[in-house]
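In what follows, chain A forms one complex with chain B and a second complex with chain C.
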Partner chain A sequence: MTIRTLLSAAAALALTAGMAQAQVVGFSQIGSESGWRAAETTLTKQQAAERGIDLRFSDAQQRQENQIAAIRSFIAQGVDAILLAPVVATGWDSVLEEAKEADIPVVLLDRQVDSSDDLYLTAVGSDLVHEGQVAGEWLVSAANGEDCRVVELQGTTGSSPAIDRKTGFEQGIAGHDNIQLVRSQTGDFTRAQGKEVMESFLQAENGGKDICALYAHNDDMAVGAIQAIKEAGLQPGEDILVVSIDAVPDIFQAMAAGEANATVELTPNMAGPAFDALAAYWKDGSVPAKFIQTESKLYTPSDDPQAEYERRKDLGY
Partner chain B sequence: MTNPRLLPLYATIAIFLVACVICYAQFPYMASTRVLGNLLTDNAYLGIVAVGMTVVILSGGIDLSVGSVIAFSGVFIAVLLRDTGLHPLVVFALLLVVTTAFGAAMGGLIHVLEMPAFIVTLAGMFLARGAAYMLTIDSVPIDDPFFTMLQKAYYLMPGKGRLTLIGVVMLLSVVAGMVIAHRTRFGSSVFALGGGVQTARLMGVKVGRTTVGIYAFSGFMAGLSGIVFAIYTGSGYPLATVGTELTAIAAVVIGGAILTGGAGYVFGTLIGVLTMGLIQTYIVFDGTLSSWWTKIVIGGLLLMFIVLQKGLLRLSTARLAGGAA
Partner chain C sequence: MQRTLTQLAPQLVTLAAVVLLVWVVFPGFLDIRLVDGRLVGPVIDILKRGAPVALLATGMTLVIATRGIDLSVGTVMAICGAVAAWAIDGGFGLGGALALAIVAGLVAGLWNGTLVAIVGIQPIVATLILMTAGRGIAQLITEGRILTFTHDGFAWLGSGTLLAVPVPAVIWVLTGIAAALLMRRTALGLLVEAVGINRRAAALAGVNATVLLIAVYMASGLCAALAGIITAADIRGADANNAGLWLELDAILAVVIGGNSLLGGRFSVAASLIGAMIIQTIDTGILLAGFPSEYNLVIKAALVLVILVLQSPRFAAEWRTWRAARAEPRPAGQVQEDAP
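Moving on, here comes the complex of A and B:
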């Protein structure tokens, strides 16, 4: 009888010990409005599974009230940490304060909030200006000192990625007078608009013969523009260099076919660095910097684009 | 014999209790004051607007403008507090006047033009959303000491649950709605109108005044809900609460009111709102289910209630026919 009690007590102890090790993390995601967002969700789940973290996922369907309610439920559940990809920048003060009072660290993913920065542990995100700069620097080295007339496909007018990626690119090519930005128009981040605007660029620039390179603020517009260049009887990737940002699967396909030259990655793996920061925090309470910048990695045809395509195509893009 | 009109209310309460038991069985921690506090706080704006919607639906009407009016209210408050030195209470009063007048105007149009409420309030929905965008296209934070105080006002229940000010406002709105709908002359006129405009006229109900009153009440509640939503999020955002009017209608139907009007209880609406909140909480607690399951379950419940209503209607007509024979 006593042995049985002892055994069951030991079993219960072992069980609680095992449970204590699995950290529970709540993740409040905005929704699944874009392929990139879906890939971020997939990667967050993968990263959690790899680290043995018990991830509670909540899709807010683009509504802030759903996100606030989800965070409150996470707090009520007593999770060990909360990941938040906020749908808007404002309105998070009171719920973040509740999390702080409950001693639950919050990590922001991908987007920022306008609350005071002592209300969250850290924010993981990409530096959009830096992305543009990497693209600009690649073009400087690709042009190799020769004269190069560049056309630019901008993102949605007035949106922060469009402004920052333009600024960054200009910083990247600054001081190299051989590179000249001759035309710049918005393609609204879409494939169809990218193709249409590129067609007008080609007509305006002597059928495209005067253009040496295209810089697109995202891969989708670049893919559309590649189509337009082909239809104009030119060879994209050779007659006109193509550099863009995001690193979505389709651009790697174009790269494998020799039609695109470079892309800068906006990594959907924001959760990896977030979990690393949390692991350090749980271990010895070390507080990370308030902003963790993800790597803006440059991919060129020498990086085996076919393999990159295979690696990404199932992430939900 | 029991009143067949009470059956949907009993069904609503039964479903809520069953949902509570299921939640408790799977996640015992859900029976905490924290979850209770969250349920009231997170659904405060929805509960308030649903009270207004209940009165509208009891009269056989519908108000599609309320979601946009909530968004407009948030933006109105945020922009006025940012650009003028007015005290928040003055801004609240101004806002309630605006939204009540807006509702009254819609009610007037519905009555005078003899237009379906659906069309008039649809126009109101676009108008209010457009007006919100006219004020600002950004999300505007609210930084006002009095406002922050309202946000932080709560009573700490035993077990660390927070009974927030906005949760209390919601409960008070429900009580006020119950009194207005079930204990006043205006309430009886609403029920009479829900039974049919002709019969209501014959009963001596002032149809025009009542219609204006109903939509003014709904506009007032939408404005109040907008204030609560602004306190809840601490900001005004023109894209907020898209589709909330439909969620409110769903809460009213799950609460046991009959969509054609004339029967229902404001208390049932509260239970309907809490049931929907409970489903959402369950799905977040589980953490592996897609949050779209919330919509699927709500859709299923709606369907069930509509079938139940039809069944009851058959039952009562059969009984009437039996009585005549």
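Moving on, here comes the complex of A and C:
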């Protein structure tokens, strides 16, 4: 009831102001611990600028108390919506309730919270299992029915991306007995470990001659592994197919050089879908689904990798 | 030579045992082939992959011999790698990049040494400061991203070969030999040991302990700089978040497996280097064996525990007692006296 009256009031206001007043959105970002996170910040600012939204940005430097303080300050400023990339899953109930009482919609970006789902408008994120599945399905089509022995570079042991991307990949290749996962080890999501572990895979599999494809849980490990394959005298991309996840700029460089075959994008553009949902909500109060899944787009050398590299290299990855 | 070998016997036997163990699990372990003018094989990989820890262990041995410890070496690696990558991208050329990276390592060592020797902060705390702050410095240099570069000369230091041997292996062996010669062919080693056993007594006897301590931390910084250069050259990029992460602990472990006392005094660079190779053999062996990755650290810890227990003086004494007792049964009282 209150929402409806407020909305009609807002609509009336918007009409009288002739939509000249820019919407104000507060964005509480976790920090800038990785290149991906930096790219997410850059893209959120770009998306806001494109839509004429006045974005108030707050960097929490990995601390939940900073995020809670930022949200309280956004509420005090009376912003029109809040974007939140929560650093942890728990402890958000009271501050989300405060936002709800102030009738400010909150959209979660990239990560989820444990709070009841009526405390936020929607969550935008990717499905990690689905990403692995897309990679697995690509390999099934690339192998084209021929026998293929696959080695896997896992992410940090026990981390949710590592578990989900492994599960997804196994689902993707399920039912195709020609594809066989022969070795799987953690490369800790880093280039150096990816290279070192790939070297041992090559040693263990007849100098690499028995390996038909590499699946890496992120692009950085794949980039390291590509160097190891080259140093072993094999041609990555031809002798050993390379498929990975994330779509960071450097993998497109490798792809342009013919050394990588496919990558599944974990888009840093979580803000675009979030702003779309908010625009619809502001317009006529339409409530989106509680989870908006971003597209896990597959990129291959046919997608002009050089252009993709140029497009991404300045996003802060 | 004979004496050195006798002193290194426990470490050499341990290394042989670990190699044997890995060979049982992975029969192709000792195969070495010549491919495209470079030696290829698991053993060669170990010599190459062990380079960062071996270099860090060389510097760490000297620091520990003075009764100190250097926790910052992993972070200094990240800083020096970042400096090198930044310099290459900035057009300073190979010589400029190497010089800047090495200077960065020496400055880091100077900082640690000053805190320890002049300000008088305990080494574990003094070096903890740089260990914590240093990654931030490295991230400032790389602007939080993986700073990549394309420079064949620099990349050669990480993945090239010299007379078919990987360059990183050549670098750590030469550094180790240089350190050992400098310590044992001059009085320097003796002075380091004197400071480690009793700094005050050494100072009273005329050793300039303050300068010596600073020099030792700078040597550790230099070794960390070389390790950082190799790591950055290997992946053709400086990864401020992950380069050298936790390697200080592996370096300390290498020194301990090498039989050096954490309480300072007598030391052996060669034994620490063998310790580093033992650790790398375990790491590579685990990867080759193909166990699920959840077991990696458990297996490593179990093997390290066994090695350290076998090397402990208590165990050695008990073993001698047990053997003596078997050889010629003696009254219980005498056996008791043999124990430490």
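Here is the rule we use: the second predicted complex is superposed on the first by the 298 of 317 C-alpha atoms of A that agree within 3 Å, B and C clash if a C-alpha of one lies under 4 Å from a C-alpha of the other, contacts with A are read in each partner's own complex, and residues count from 1 in each chain.
Simple rule for what comes next: a contact is a pair of C-beta atoms (placed from the backbone, for glycine too) under 8 Å apart; a residue touches a chain by one contact, two chains touch by 3 or more.
Bear in mind that the values here come from a model prediction, so they are computed numbers and not experimental data.
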| item | value |
| --- | --- |
| Side-by-side fit of chain B and chain C on chain A, or clash | fit |
| Which superposed partner A:F57 touches (first chain B, second chain C, both, neither) | first |
| Partner chain(s) touched by A:E65 [first = chain B, second = chain C, both, neither] | first |
| Touching partner for A:S296 - first (chain B), second (chain C), both, neither | neither |
| Partner chain(s) touched by A:S184 [first = chain B, second = chain C, both, neither] | second |
| First, second, both or neither for A:D114, with chain B first and chain C second | first |
| Contacts of A:N218 with chain B and chain C, given as first, second, both or neither | neither |
| Chain B versus chain C as contact partner of A:F74, first or second or both or neither | first |
| Partner chain in contact with A:Q23 - chain B first, chain C second, else both or neither | neither |
| First (chain B), second (chain C), both or neither touched by A:D93 | first |
| Minimum Cα separation, chain C to chain B, after superposition on A (Å) | 8 |
| Residues on chain A lying within both footprints (that of chain B and that of chain C) | none |
| Interface residues, chain B side, partner chain A - complex | 27, 29, 32, 34-35, 38, 41-42, 45, 139-141, 151-152, 162, 229, 232-235, 237, 240-242, 277, 280-281, 283-288, 290-292 |
| Chain A to chain C touching residues, read off their complex | 32-35, 38, 154, 157-158, 183-186, 188, 190-193, 195-197, 199-201, 203-204, 207, 220, 223-224, 227, 231-233, 250, 316-317 |
| Chain A-touching residues of chain C, taken from the complex the two chains share | 26, 28, 33, 35-36, 40-42, 45, 49, 144-146, 148, 159, 231, 234-237, 239, 241-243, 284, 287-288, 290, 292-294, 296 |
| In the complex with chain B, residue positions of chain A that touch it | 26, 54-61, 63-66, 68-70, 72-78, 88-94, 98, 114 |
